[in-house]
Amino acid sequence: MTLLLQVQGVTKRFGGLQALTQVTFDLPKGQILGLIGPNGAGKTTLFNTINGVYHPEEGRILFQGKDVTNKMPYHLAKMGMARTHQIVRPLNELSVRENVMVGACFGHENQSLGNAGKIADEVLEFVGISSRTDQLAGSLNVAQKKRLEMARALASHPHLLLLDEVLAGLNPSEIDGMIQMVLDIRAQGITIIMIEHLMKAVMNVSDRIFVLDYGEQIAEGSPNEIANHPKVIEAYLGDPKLAEQLMEDD
Amino acid sequence: MQQINLLLASLPDGILLGFVYGVAAMGLTLIWGVMNVINLSHGPIISLGMFGTYIIFIKLGVNPYLGLFIVAPIGLLLGILIYTVAVHRVINAPHLSSLLATFSVNMIIIGLGTAAFTTSPYNVDFNMGSVTLGSTTLLGTRLIAALASVIATGSLYLFLYRTRPGKYIRAVANNRSAAELMGIPSSRILALSFGLGTMLAAISGALIATFFPFSILSGGGYELKSFVIGVLGGLGNPIGALVGGLALGVLEAIVPAFLETSWVPVIEFGLFILVLLVRPNGLFGAKQ
Amino acid sequence: MKRTLFNLFALLVVFSLALTACGGGAAPATEAPVVEAPAATDAPAAATEAPVAAPEEVTITVGFTASQTGAQEVSSKRQVNGFNLWMNQVNEAGGLTLSDGTVVKFAAQSYDDESTKERVQELYTRLITEDNADFLISPYSSGLTAAAAVIAEQNGKLMITTGAADDDTYKQGYTGVFQLYTPGSLYLTSTVDMLKTLDPAAKIAIVNESDKFSTAVVGGLKPYAEAAGFEIVLEEAYASDTADFGPIINKIVDSGATVVLGGGHYPDGSTFARQLYERKVGIQFIGILVAPPDSKFSELGDAALGVTGPSQWEGKATHTEEEANGLGIEWFGPSGEEFSAAFEAAYTDKPTYHAAGGYTAGLLLEKAIRDADSVDSEAVKAALDATNIFTFYGGIKFDTSAEAHGLQVGHSMVVIQWQKNEAGELVREVVWPADVATKAPIFPITAP
Amino acid sequence: MTNWQKHIGIIIPLLVIAGLMLYPTITGKAAARETAFTILKAIALASSLNILLGYTGYVSFGHIVFFGFGGYVGFYLLSSQGMSLWICILAGGVSSGVLAFLLGKAILRLRGAYFALATIGVNEAMRAFINNFDLFGGPTGITLNFKAYLAYGGAAKALEMAFYVVGGLAILAIILSYIIRTSKFGLGLLAIRENEDAAEVMGVFAPDAKTWAYVLSAIIPGMIGVLFFFKNGNVEPHDAFPLHASIELLVMVMLGGQGTVLGPILGAFAYQGMRGYLVTSDFFKDIQLSVSGALLLIIVLFIPAGAVGWLRQRFPILRRVLA
């Protein structure tokens, strides 16, 4: 089993604020890793550190065995890492198709414009917004924008996909569709880390789960182990709603 | 040694002028701080302030310092008018829109000002005597202008920190949507802030007119100085502008001691770019 | 199919836009006849007056750009007023009559150059080709004139330059450009001559604006002053928008200078003079460019007292026919008093040297056409080359060498100084050259 | 879709330029040629600025610095070193490109208004520097000897030739603009314009892409500078770096529509046409600046997307035509 991503003792500070403390985990190829934790636990910061938006003060990050600790996001994209954003970032004045072509053109396969167009059409079909191809991205609704984020990430044919709360703000039927899509992506052999608040979803989909609280990793294991982990329950007790979800899944 | 003498002789003047430059820049940086708009009509408004002094002193015979109490409210109202007509509609648009909107106001004022005053220079022959200290002579007009600038800065500070509208302005500057949620009438506060910014510009123009000649086009130079000062002191930080003004005044005083005076703008703008790159929050602001 | 329709539509939109813009651009061209119209209607009127002789009448169009907006606006307008005064006088007098009986009248055509070079060439080309200008007058200022000269020379049109002192333009191989002003390099030389009689041991600080004109002036001044035996203790150039001269004045004091020469244009020059006064630094003599001859300089109050400056022409020391006779040079045109009176009657304003320059440009053209007895460019050019006359404005004679063709060599400047009259009012007195001086110079202006 | 339809986005702009170049040639009117020169120069400059402003989304307030700097370098070589105009034009383009490369490395890190301010600073610093730089004549500037035109068949021929060269440069600017607009590089720039952070995450090498966009937008202004100074016959520091002209370029791009190939062309055409009309109109000439300002304000407030943008919004099908 080859390790696609290794995070080793990563610490990130903003001024006096300790956002991540000594975070360490390995991610084997082909797995889905669920990343959970209460609000403000540092999940998105961890994503930003992994894909080069932030650089950690301590620790190393290895991607495909190479040290990428101080690489920029575009370096990592070229190496085959793609992500979606919790708050969607569509390229508003470009068409949906052009948005997805950006992903294909500048991802690790470095496609030509012509090929990128073909890939964009395929991916848009896959995420189910092919009817919107020529619309401006800014004119989509939230659910469609989430799919667009996904499509842009997939169009680069990444090795590793970072999904940041792709389910938030979707209605139940849209959630089911999106979960199915995540599973389909994994079936294509793409490794995934997903941040998710919806416990049911994350428990069902993930091979392993990693829990952050106040920037520290408090647990790592199979969904089952996590659900019964005392520290996790304790952390989530501070957030009764989440705790309830956690219990419900049990 | 010769340089030291020159420095000592020129420095006090640079400091006095720095205060006045600071007030001009404060107007620009206040508007930027509150609504992220760079006001390109800043220069012509400074010019209008200068003509305010001219009309009040030469035509009406009123003391120019008393005249400040006429120039200031007119500047405030003019700013509110400009905001309402030209800026409000583009306040949330990309930067280019507000830049061009204020630039069109600039063209309109200069066009009308040229028709009214021509572009020829005017002079206000107003003398407040001078004080000689050792090797340097301090001019009365500049001393009073510096004092007036300090008072204007102090008043602005009190206004922003001690009054309700002032606190609203700071709240809107901090986070406009949050301020709106709290029931602060943001449109009116933005208009007021813009008015305050132009008022400061007009005041500085009125003060400058007491010691330098001016024309309808002169404001442009002070607008550029205001950019430099704003960046030195940290854009969006009104008190920093006063410090930035002092820095510029001192710079203008000391550079000629070492180089030919025509190099001053090279140094000024070079430093401007450098500070933007290295310390975008200003020489004295927190590091990014 | 539908797409093709839209393509066609788009093309239509583009072309209609293009046509509108063309219409906008073309509109001024149709104005030319409108301006010329009064002149054209003059023709039958003149014909009815003298039906027997029925002389042929031609209207000569004189083209120029004026700065109606921008930095040069004020001086440019004065220049244009002067020119228009001459033109109206000639036309009202029934025009010029050549030996073959042809009556020559004049019409002016001008556009706003906005004080920038951006459109100067475009507008001069339009003047030549659309408005069929026969002769050209320069814009105001050396920079604009340099750009206009290229177009004039290229089209073989003669251009009389006024308000363009810089020497450079006349050293570029032009053959049809003639300068009325004393060249920049000589602006302050008469001041040096005067200074020599006042204090040969003076220590001079040269402090000038860092721009084309002032740099040219200083380029002529420095070697001249050194040759006259003066010590130059400071040379300092300052940026055009300098407002605070404090640091420079400190340098002047530090250098031990007793005399300050230099300046640049009105805003900086007047500021400089004022601050020299306010700081009471004990300078004995101040000679600065451009600002002192302007009437507005008196706005400085006491700071103006004693400040001198070179002037192309002064109403008080206007050149006279006697002077011309004394030199054995042909006199032409009205006296200075006549000019001043006519100008004041027309514009309710005293003429400045800019106005005199504009008027004399017309006068020179008139003289050259008379001498040539023709309106043909080549003949007029030959007449201009041979010109050696004296007018109220002073001598006019051109360098005809290949290196500096058209450079003014006949005109000299006077030096004015602001003094107080008996009523205690500030007045501009001519203090040099001694033979035309109205007052003796005040020296030193402050106790050393 | 047939071939010409595919490239309609470049065909319309080229037709406009061809019309502008042919009209004076056919009518033989020198005044029309001069007017067309002014418009073509504006088109070339505005199209170049559009690469940075319209495609990349960076507002440069001092773009005229490339016109002035490139122009100065080329004009110096022309007048003082006697090199041929063609080499000098190339030298002007190259030197502006190099300047943009070096500047870009530094100031393109700044975003939004900070970048705009920095470009103003660069322009003013350069102007002040050239004013003190004796090799380029300092404050006196550089004047070309009239004899220099002899090498090009005399002044009349030289100025006529300058007209065709400016037309050629305008075509070059438009083709460059079109190639960028329809290339992968251009797609990356558009992504940066829309959201630089998102673009970087998707793999766009934003710092490099921005720098190259800056360089490409600087080259043609530098070449135009050399040509314009050659035609004018002289240059002084304050004519070479007019801040006002920089802002006029922004206005042109905005009027026509940023980020489109056709927009800057229409904008330059409309703006120069309007200014030319107002300056020479008897009715407006005294208050032309205020009238221009008021018109500009109305456009900024009510049609911020510019003419082409507005058409594209109203008639989405035109998106393909009005590239």
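Letters A, B, C and D mark the chains in the order given here, with residues in each chain numbered from 1 onward.
By our rule, a residue touches a chain if its C-beta (ideal position, glycine included) is under 8 Å from a C-beta of that chain, and two chains touch if they have at least 3 such contacts.
Note that this is a predicted model, so its numbers are computed, not measured.
A.B. asks: Setting chain D aside with everything else in place, what contact-connected groups do the chains form?
C.D. replies: A | B, C
A.B. asks: Considering only mean CA positions as chain centres, point out the chain farthest from chain B.
C.D. replies: Between chain B and the rest, the longest centre separation is with A.
A.B. asks: Return the distance between the CA-based centres of chain B and chain D, expressed in whole Å.
C.D. replies: Using C-alpha averages as centres, the distance is 32 Å.
A.B. asks: Just the number, please: Cα centre separation of chain A and chain C in whole Å.
C.D. replies: Those two chain centres are 74 Å apart.
A.B. asks: Per the centroid of Cα atoms for each chain, what is the distance between chain C and chain D, given in Å?
C.D. replies: So the centre of chain C lies 34 Å away from the centre of chain D.
A.B. asks: Using the touch definition from the top, which residues of chain B touch two or more other chains?
C.D. replies: 111, 114, 260, 262, 265
A.B. asks: Listing for chain A: what residues touch at least two other chains?
C.D. replies: Counting only residues that touch two or more other chains, chain A contributes none.
A.B. asks: Touching two or more other chains, which residues of chain D qualify?
C.D. replies: Residues 128, 131-132, 139, 286, 288-289.
A.B. asks: Specify the contact topology among the chains shown, as one of line, ring, star, complete or other.
C.D. replies: Other.
A.B. asks: Judged by the touch rule stated earlier, which pairs of chains are there in contact?
C.D. replies: A-D, B-C, B-D, C-D
A.B. asks: Can you name the residues of chain D that touch chain A in the complex?
C.D. replies: Touch list, chain D to chain A: 183-184, 187-188, 190-191, 193-195, 197-206, 259.
A.B. asks: In the complex of these two chains, what residues of chain D are touching chain B?
C.D. replies: Counting only chain D, the residues touching chain B are 53, 59, 61, 106-107, 109-110, 112-114, 116-118, 120-122, 124-125, 127-129, 131-132, 139, 247, 250-251, 254, 258, 286-294, 296-297, 300-301, 304.
A.B. asks: List the residues on chain B that touch chain D in their complex, please.
C.D. replies: Per the touch definition, chain B meets chain D at residues 32, 36, 38, 40, 85-86, 89-90, 93, 95-97, 99-101, 103-108, 110-112, 114-115, 224, 227-228, 231, 235, 260, 262-263, 265-266, 268-270, 272-273, 276-277, 280.
A.B. asks: Spell out the part of chain C that touches chain B in their complex, as residue ranges.
C.D. replies: 69-74, 210, 236-239, 241-244, 246-248, 250-251, 253-254, 266-267, 270-271, 274, 278-281, 296, 299-301, 303
A.B. asks: Could you list, by residue number, the parts of chain D that touch chain C in their complex?
C.D. replies: 1, 5, 8, 12, 15-16, 19, 23, 29-31, 33-35, 37-39, 128, 131-132, 138-141, 143-147, 149, 154-156, 158-159, 231-234, 236, 238-239, 242, 245, 262, 266, 269-270, 273-274, 276-277, 279-282, 285-286, 288-289, 307, 311, 315, 317-318, 320-322
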